[in-house]
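In the part that follows, the structures are each spelled out as structure tokens.
Look for subunit A in each of the two complexes below; its partner is subunit B in the first and subunit C in the second.
Take a look at the complex of A and B:
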């Protein structure tokens, strides 16, 4: 089970924080914008009111052409540092008095501004008519810097920042606290899932309570676990039952197999005594009365003798086959090369008068029972020699190669070969693909080979075609 | 017509306001300025109700003696009104004719008969305007002073009170307050 990259708690907190921060920032922006607009309006209102007051106070100064008094009226503005400039214009729009009194030209407009207010980059200018008894005497112009607005904006920004950060802190605390209610049941569920997945323990239960979907999920998960646990125990019971039955059957089979083997052994063994009698008496009969018998009887006697000998060989082979299945294996290192050389030496007598080319490749040393492996080599090489009998220039090759963790030994001849359709029958007891008339044999040799190789943990198989020769393989684990 | 007149009047003021045109101790267009002042007095002085008993009672500016204004005063007050009262200009040769005046300009031609004139209008609600500071000090109410190329005012508050006239503080701010006490100075 992979480790999660993040936690659900962190995700929840992030979501809540993003939401609250966005809302707070938006609210802050709206508040500041609104307050800014209101402050602007208030500032304009204040400046217009001030202009009206100053206008009322300067009517007589204008009426009686007294710029000194007008300058004095404007001089009162000196108490407010935000007032940057002011001017009075007479009825003709000529500057009459200015503030500061010694204002440089260009500080105030040369001609009166149109009635109303105007915001410029860093100042607010207001122009109002001066009227007495319904008669316009002139115009007043006031100019203020935006210090008040700036200060207000700064104060607002600080308030908003404090509020936003305070709220964010509070939101974080709340979010951290609230997410537990959501995340804990999920975390508990995840922990249970991990326990189940890692420990294969289906007996645990999440038991998470909750009135939401997580609660439903948890309940469903618990039910699922219960179901899995029930089925698992069922399967376990079935498996145990199956194993018990297999063991029973195997034991039964082994018992009957042993019985059968013991039976065939004793039958073979017991058959030898009467057969020896037959053979012995046929031999005596031949020695004493062969010459006195007519030709036909002589033929019969010869056939009886041959049959008895063949039957003897059969019984010997059966006993050997039976022994192969029953004797204990004694595994040691076996040098296949020297063993093959010995076997070939033994077989050379059988091949007298034939042209046989033996070709033995490099062979390894393997682990196995020496007498059994020798039997394998004898059987395979003898077979190769036997079935290459009709071939003028017989060639028998022995090779070995390592492959997939086993050693595969091959014995190839260029003899009569076999029909691949019957390849599977080659290694069965008494299975023969050629008539005994053609080739001698009991049909037990290859069965023995298979049995021995199987007992070593290897396999046997063969390739070939009619009149194309045959290759027999056996493998041994390394 | 009104606009044209007003425009010409403003043009006049414009000329007066231009400092270089005031040459020497004497004011050029002095009487144009004085005419404007006379008009403005109507705005900054309040008469007792019995002086202007009805809404449509005209507010009369009288000129006693030789008229130094020519047409300018007539042009300034033409079609003007103060507090709903229309303004009009009357010219008198004798003070006995001027009883119904609200503002009375006493020309310098009447200097010799000043005592008679002032005693006649005494206790009437008439704003008397004279050509000198001395005029105000001698129980006239407002006297013109020409000083430093400017036209200034001297106001005798005691005389104004006696005439039951209320002079706006705004006007007083522009004026020098004088009184009979200071005659000896």
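Take a look at the complex of A and C:
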């Protein structure tokens, strides 16, 4: 399980902090803007009021054309440092008095400004008419710097900043404390998941309680763990049981294999001995008393001897068959073409004086036990030769083809064939479809072929009809 | 024909014994055959013990050994002989009904000189016994007794 790059707690705190900071900053900005607008209005109001008062005080000076009095009136403005300039204009709009008294020309407008107020870059100017009993005596002009407004703005900013920082600190503390309630169950769940995935220990439980989705998740997770644990122990029990049964079976198999070996040993040694004795004593009897016996008794002696020899052959074949099943396979590459050529060469002696046409197609190299596969070829080719004996011109064909992931080898002859109704009996132990008088043999050859091919993971089958030859097939996995 | 040397035949089966002796007699090889009926008796013969305490002569030219015998079986006798410096060099031929690979392997591992499976057909059996007798009791030169005596147990 990978280690997380960040924690859910940190994420929660970050989210809360971002939200509260954004809200606080927005509130601060709104507050400052609102306060600024109010302050501006108040400042205009104050300046207009002052203009009205000054205007009222200077009506006499204007009416009597006394600029000194007017200058005196304006001079009172000196007590307020924010007042930067002021002027009185007469009825014709000519400057009458200024403040400061010795103001340079250009400090105040040469002509009266239109009634009202005007904010300029760093000052506020107000112009009001001076009216007495419906007669316009002149105009008053007042000019103040924006120091008050600036200070107000600065003070507001400081208040807002302090409030924001204070709130953020408080929000951080609160968020850090509150996130535990949310993050802890999740962390506990993550810890359990880690324990499970790393330690494969399904017995742990998150036991996290909660009325929210995390609680539901924990509960579901615990249920899941319980289910896994139950199934795991079930599987473990099944496995243990299976193992025990396999061991039992193996022991049984080993025991029966041992028994089989003891049996075949006993067959090999103990059954052969009496046969040898029968044959031996018959032979001795023949030697000493054959002449004194009548023809019938002589025939009996010959039959006893033949039967003993036949039984000896059967026992040898049975032993060979059992060996084919028990011997360890040593798989290697086997060149079927050269092996077939060898086997045919060996069989040529048996076919002496017969007209036999051997036709061998191209044969592949396969994987298998060479001595066993050789036994297969010997059996099939010798059978083909044997059962084509009565045919005048015997033809034996060996071929191979690849088919469905297998190599299928066929041995075809034009001999006596067999009744397909008994095809299933062909590969049985000691099963024969022909009288032993007709064709000698014990009936073990094809059983050996089937056993060997089966041990190689292949199949055996045959096609044929009476007097129309037979084709024997065996397949080997590629 | 060279002088016939002594053959020790260890065989418990009455019939086998008769047939073997008959086969040997047919070829005039039976006169110096000592018959013992199990491995223990064979061991007594080799060691001049028990009923063979007073016997003359040294080791046999060859021991023809059946494998399945009561008391001490053929393989056990073979093992004892090969572990004993007196009989280490004495030729031993296993003559048995068994064709079991494990018997053959075991016998050669213990140092047998030949392993012969008794054929079922009597004529073949006679041929085999004759060949054995001729080879080991006539043609083959056995190790001198000195070889054994010079390394006493």
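Descriptive notes on the structure:
Here is the rule we use: the second predicted complex is superposed on the first by the 267 of 478 C-alpha atoms of A that agree within 3 Å, B and C clash if a C-alpha of one lies under 4 Å from a C-alpha of the other, contacts with A are read in each partner's own complex, and residues count from 1 in each chain.
Following the convention adopted for this analysis, a contact is a pair of C-beta atoms (placed from the backbone, for glycine too) under 8 Å apart; a residue touches a chain by one contact, two chains touch by 3 or more.
What you see is a predicted model; the values in this text were computed from it and never measured.
Of the two partner chains, neither subunit B nor subunit C is touched by A:380. Once the two complexes are laid over each other on the shared chain, residue contacts for A:135 go to subunit B alone; subunit C is not touched.
Legend: residue contacts after superposition of the two complexes on their common chain; A:69 is shown touching subunit B, with no touch to subunit C.
In the superposition on chain A, A:269 contacts subunit C only, with no contact to subunit B.
Taking subunit B and subunit C in turn and counting the residues of subunit A each one touches, the greater count comes from C. After overlaying the two complexes on the shared chain, residue contacts for A:277 are found with subunit C alone; subunit B is out of touch. By the touch criterion defined above, A:446 reaches neither subunit B nor subunit C. Within subunit A, no residue touches subunit B in one complex and subunit C in the other. The touching residues of subunit B, when paired with subunit A in their complex, are 10-11, 13-14, 16-17, 33, 36-37, 40, 43-44, 80, 82-83, 150-151, 153, 168, 170-171, 173-174. Subunit A makes touch with subunit C in their complex at residues 264-265, 268-270, 272-277, 279-284, 308-309, 312, 316, 319, 323. Taken in their complex, subunit C has these residues touching subunit A: 13, 15-16, 19, 22, 67-68, 96-101, 118-123, 125. Contact residues on subunit A toward subunit B in their complex (touch as defined above): 57, 59-61, 63-66, 69, 90-92, 94, 96, 132-133, 135.
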